[in-house]
Amino acid sequence: MPELSEITTLGRTVETPASPEAAVIDVVPNPQQGTLFAARFVAPEFTSLCPVTGQPDFGHLVIDYAPDASLIESKSLKLFLTSFRNHGAFHEDCTVGIGRRLAEAAKPLWLRIGGYWYPRGGIPIDVFWQTGAPPEGLWLPDQGVPPYRGRG
Amino acid sequence: MPELSEITTLGRTVETPASPEAAVIDVVPNPQQGTLFAARFVAPEFTSLCPVTGQPDFGHLVIDYAPDASLIESKSLKLFLTSFRNHGAFHEDCTVGIGRRLAEAAKPLWLRIGGYWYPRGGIPIDVFWQTGAPPEGLWLPDQGVPPYRGRG
Amino acid sequence: MPELSEITTLGRTVETPASPEAAVIDVVPNPQQGTLFAARFVAPEFTSLCPVTGQPDFGHLVIDYAPDASLIESKSLKLFLTSFRNHGAFHEDCTVGIGRRLAEAAKPLWLRIGGYWYPRGGIPIDVFWQTGAPPEGLWLPDQGVPPYRGRG
Amino acid sequence: MPELSEITTLGRTVETPASPEAAVIDVVPNPQQGTLFAARFVAPEFTSLCPVTGQPDFGHLVIDYAPDASLIESKSLKLFLTSFRNHGAFHEDCTVGIGRRLAEAAKPLWLRIGGYWYPRGGIPIDVFWQTGAPPEGLWLPDQGVPPYRGRG
Amino acid sequence: MPELSEITTLGRTVETPASPEAAVIDVVPNPQQGTLFAARFVAPEFTSLCPVTGQPDFGHLVIDYAPDASLIESKSLKLFLTSFRNHGAFHEDCTVGIGRRLAEAAKPLWLRIGGYWYPRGGIPIDVFWQTGAPPEGLWLPDQGVPPYRGRG
Amino acid sequence: MPELSEITTLGRTVETPASPEAAVIDVVPNPQQGTLFAARFVAPEFTSLCPVTGQPDFGHLVIDYAPDASLIESKSLKLFLTSFRNHGAFHEDCTVGIGRRLAEAAKPLWLRIGGYWYPRGGIPIDVFWQTGAPPEGLWLPDQGVPPYRGRG
Amino acid sequence: MPELSEITTLGRTVETPASPEAAVIDVVPNPQQGTLFAARFVAPEFTSLCPVTGQPDFGHLVIDYAPDASLIESKSLKLFLTSFRNHGAFHEDCTVGIGRRLAEAAKPLWLRIGGYWYPRGGIPIDVFWQTGAPPEGLWLPDQGVPPYRGRG
Amino acid sequence: MPELSEITTLGRTVETPASPEAAVIDVVPNPQQGTLFAARFVAPEFTSLCPVTGQPDFGHLVIDYAPDASLIESKSLKLFLTSFRNHGAFHEDCTVGIGRRLAEAAKPLWLRIGGYWYPRGGIPIDVFWQTGAPPEGLWLPDQGVPPYRGRG
Amino acid sequence: MPELSEITTLGRTVETPASPEAAVIDVVPNPQQGTLFAARFVAPEFTSLCPVTGQPDFGHLVIDYAPDASLIESKSLKLFLTSFRNHGAFHEDCTVGIGRRLAEAAKPLWLRIGGYWYPRGGIPIDVFWQTGAPPEGLWLPDQGVPPYRGRG
Amino acid sequence: MPELSEITTLGRTVETPASPEAAVIDVVPNPQQGTLFAARFVAPEFTSLCPVTGQPDFGHLVIDYAPDASLIESKSLKLFLTSFRNHGAFHEDCTVGIGRRLAEAAKPLWLRIGGYWYPRGGIPIDVFWQTGAPPEGLWLPDQGVPPYRGRG
């Protein structure tokens, strides 16, 4: 279980990591360990690069998880997400990859991520991944992001 | 003033015109001539071609006008709009051009058109044209098309 | 000024008039005569017939007026609107015509009507008429009917 | 200018007045007197009786005013509005009458009231009254009550 | 089962408790004991302090429960929630902790709490906890809080 | 099974019952008996009294049921609900009590009621009750009442 | 399985049937027979008569079905629905009856109908019927009609 | 498993295919193969022709799938959808047919398509098809397209 | 004109001021001085105390201004607003007072504030103040806060 | 007036400019020169850096203008906006500066820009600038971006 003294970013001024690989996802001890509950992060300020054209991509990410011993520390999460600013990846790969990194760092009972990407060629892509079926008895509302609708 | 007997499409099966130039915009006598009022058409089923790439463009058009002697006949309006299906034009030109054609055909006291185009490169264009300031005393609600907002 | 004893429908069981011409629009004395205010009726249950095809048309009507000596009695208004059920008229004519009949009956300081018709051929028509510019100092919110948007 | 010691309801348990006539509308000194601003009350919990049938009517009231020496005290406003629970009045009369009573009590620079009534016979009535044109330089947003729309 | 005479706040003027620990959550006898139903409280007026920075946090709380012998008395609930005004706690801990306190006080058949927190660093946290799977046959709508969406 | 001749209110002018106990809930024969379906009533015009303070409470009620031999007659339902106007009851008790009375009167295969009450002390209460799990094969949409959200 | 040559209305000018009994519901061969899918019709232009008062009723109908050998032909559906214009029936009976007629005509694997009726006496009725539990593996979104909410 | 070198459209200027049959649906290797997740495409820019009248039809398509070895390449998807511009097909057939073509090309673990068509004769059709029940443990939000509602 | 070196809070860890009087509103030089434009702050995280009961009040504040030589520095604005947490004031006074303090500090060409308060006794208050009529040529959208609507 | 041959980006693969200064804003001849109309660009995919902390900022930009001899070419607009990705500027400065650059490049009759920035410290900033009062007779709808509202 992580110690508060090991947190790398909370309450400090920290540089944005140069790449997702360089980013550290901090966790803090879960004060409600042993209780089954879900936490949700919404990150509407996300951008990465298209791996083919190098042009910026924009996405709206929603992450749900059921913590075990650790909580994901939100400032390090923000820095981790910011580290994709100069990183190239396909939407499907990027979304699932972020979910995997968070799951590895926090070792939750369960985790899912929804990536809602801005349209390209008039067609947006949404990506939905979870580590498996949610635990029995976990309460988990829909992510509720409105679907793309074009104009009118 | 047009006669009902001159209407080219109402109540008949008519081919889609091959081009905007070939289309005829029918008008019918305005049974309320002398009364200042506005009529609005909403056309969410509009598509044309990009003059540079030849790819389809999609738009949502809203047309408001104050009739004088003639009303725009809605079936011929639909056929006129359908005639852009294989026609190439920039968004700005296409929108203003449709407005001009309708104004020439119906000779209204006043007319405006809003063209709300689907995003290209992540950025949609809206175009707003009117024949001039609306007549005094004309009641004219906003067109109320929601702005583009991306995702989230 | 009308007398309450002259009201033809209020508090009685009354047949739907056979036609708009046969309908009587009752008015009641305005208990706030001399005060400039507006009243709004919203009638989402309106249907008439297409004068060309005989098929039913559906509309959503919103009527605003500034009463003078008389208020429009709402039960007779409902019967008047119901009398269009078997009546054929173009959307533009029907909307403006209803506005005119109400203005003749109630002799208001000012009146307007918005007719928001269901789509035909994928294109709805809205019609906006008023007796003239609204009186100075009259407070009058937008009618706020959402524009047609197709699907998506 | 009223004194705080004259307030009849604030901070006390008070009976609902038996009728609108019996209700006292308290005012408090305006701590920003000399400053032109607007205050808005929204009262979605309003009910009165139909003067013809005795059946309950329901309304949603929005009141805007520009205070002069006095503010309308909100607890006494609530009791005043509650006093209509067993009172019969037509929608138009009731709305304008409430506006007048408040204007008499608070002697504001300007006041308006919007009454948004629940449908009867499928048709709701809205009533809009103001004491006159708003003062120059007063900022006053729309009341923004969504219009009735039936179903669908 | 609690007696009405034991209620500490209802119908009295009571000071806000100095801390969550000092707050008393009153319950009242459930007049429908033996009937399986759910009650929901929505508390959009909630604020606490960040345990690290001492800055205020804001949350929107929704609590659902299936009462057994007791109902949660809503005035004491309000005072309990108000007692967090000067209390520092992480979002996850605070939300689950409130749920636990209420469950201890009311001993319901089942209870859940959703905490919807305002964004920090551009990212809000939502927390979802329940005492276990809902009882069979309990009817329980979604909490329906719209997800955070940033701008646009 | 009830006879149409036994209906007490339909097509007649009837006084509002003095209390819920005095109200008669009429039923009519179900012309589709033997078919499993659901009917929903929405009653946004409901008010009762707080049993402690005597102040008016307001609620929005939604009732779903699967009829057996009888349909609930809607005019008597309206009169029954109106009879709470001078009746004092806690929100939880009032909501469940109305559901029980309707279930006793109509003896449906199944019934549920949702009571969505206006906020008191900044916190609204919603109450959800059903007679049991819905019958297999019954189609039953969400009641879809938007949650309270305060301001902003 | 029906032949295209047997279709009675498609591509022809056809009179509105005088009654629901006189209406013919055409079906066309299902080009995807053997594939389990759902089709939905939304009919916001529906009106019938109250069997007691003869006054018009308005409804918004949504029909979902899983076709077997036949598809419901939409022009004949429209004519069938139009045939209720002069037909009297209770809301519950009318909705379920339309569902039954369609199920008899198209012999689908499964069908449901939602009838969302305009308010009478301030209370609307919704009716939900299906032929049985939906087939395993059929994908079927909610009908998503917003609930009635009165005003405010 | 497809090779990137086999992709026919990505990063090239490519003509719109003359027909759906002529279109090639490219796939790319799934970098997250072995992970169960869903991807969603939303295509609000879709148009085809009515097979009977030759008039344009418009639809809003939403496609969800769980990739196996391949991802659907979005530029070729766009070209495939564009190829329906001069293609005639019934709504039900067209929607299910697109789903089938995509399933054949990408050989996903599972796929579904929702086709939300613009109204014809006042009645829109929605079509819902999936290859079977979704895999256990796949997370799949509703498509959330708002239902058609006519006007008002 | 202020110097950046005089800013008291930006880029530093600063205590919340003990009272509004103790708070310092920092300004920064306007890099676009001489250009007429508007800036808007939205502060949904605002709370103060009722001056009579000492209970917490919650408000949603929107501030628009046209800067002259100075911009309002947003971190000091946040601290200023936070300083009302333990301050008692009536809604009208509090809203106008905040506007005045900001106008004194930033000496803008023009400023307005909208205070949208949570309901008390079922009735919310909104307060609208501006320093005068907006400068000619300033572009200023509505604040667009939805009105209170109770439930349903 | 620009020549099409001078356009630097349209129909070519072009690198993102390294800075706003390095970006070229292309214009194309206005085919409707002499006609007063407005065009709107919406750019929800915008990001820059905070000049103090270096952290990313996100904004949603809406640009309206009345073209004279030139139209702003949308691909070069996109590249110009993308060039802010590694550029630091305050929200107020950045928004007005973009507006000025576009006005210099296109020399329109009139131009305005709205910048709607994501919240920092819980408070978003919106910035509104125009080159002056809009030309008489120009039709210009509201930009209609919904205000920030926090949670709930």
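Per-chain residue numbering starts at 1, and chain names A, B, C, D, E, F, G, H, I and J are given in the order in which the chains are listed.
Heads up, the rule we're going with is that a contact is a pair of C-beta atoms (placed from the backbone, for glycine too) under 8 Å apart; a residue touches a chain by one contact, two chains touch by 3 or more.
The structure displayed is predicted, hence computed values, not measured ones.
J.: Which pair in A-H, E-I or F-J has the same interface as B-C, with over half of the contact pairs matching by residue number?
T.: A-H
J.: Taking all residue numbers at the subunit B to subunit C contact, is the shared part over half or under half, that is, same or different?
T.: different
J.: Considering E-I alongside A-H, which chain pair is linked by more C-beta pairs in contact?
T.: Spelling it out, more C-beta pairs touch across A-H than across the other pair.
J.: So how far apart, in whole Å, are subunit E and subunit F when each is placed at the average of its C-alpha atoms?
T.: 28
J.: Taking each chain's centre as its mean C-alpha position, how far apart are subunit H and subunit I in Å?
T.: Going by mean C-alpha positions, subunit H sits 49 Å from subunit I.
J.: How many Å are there between the centre of subunit H and the centre of subunit J, using C-alpha atoms for each centre?
T.: The computed centroid separation for subunit H versus subunit J comes out at 34 Å.
J.: Would you please write down the residue numbers of subunit E that are in contact with two or more other chains?
T.: Residue numbers touching two or more other chains: 44-45, 58, 60, 118-120, 122, 124, 142-143, 145, 148-152.
J.: Drawing the touching chains as a network, do you get a line, a ring, a star, a complete graph or other?
T.: Per interface graph, the chains form some other shape.
J.: Could you run through all the chain pairs that touch each other?
T.: Every touching chain pair, ordered by label, is A-B, A-C, A-E, A-H, A-J, B-C, B-E, B-H, B-J, C-D, C-G, C-H, D-F, D-G, D-H, D-I, E-F, E-I, E-J, F-G, F-I, F-J, G-H, G-I, I-J.
J.: Could you pull out which subunit J residues touch subunit F in their complex?
T.: 149-150, 152
J.: Applying the document's contact rule, which stretches of subunit H touch subunit C when the two form their complex?
T.: 44, 58-60, 116-120, 122, 124, 145, 148, 150-152
J.: Hey, which residues of subunit D end up touching subunit I in the complex?
T.: The contact residues of subunit D facing subunit I are 10-11, 28, 30-32, 35-45, 60, 62, 67, 71, 74-75, 77-78, 136-145.
J.: So in the complex, which bits of subunit E are touching subunit I?
T.: 16, 44-45, 47, 54-56, 58, 82, 85, 118
J.: Once bound in the complex, which stretches of subunit C touch subunit B?
T.: Residues in contact with subunit B: 52-53, 90-93, 95-97, 112, 114, 119-130, 132-133, 142-143, 145-151.
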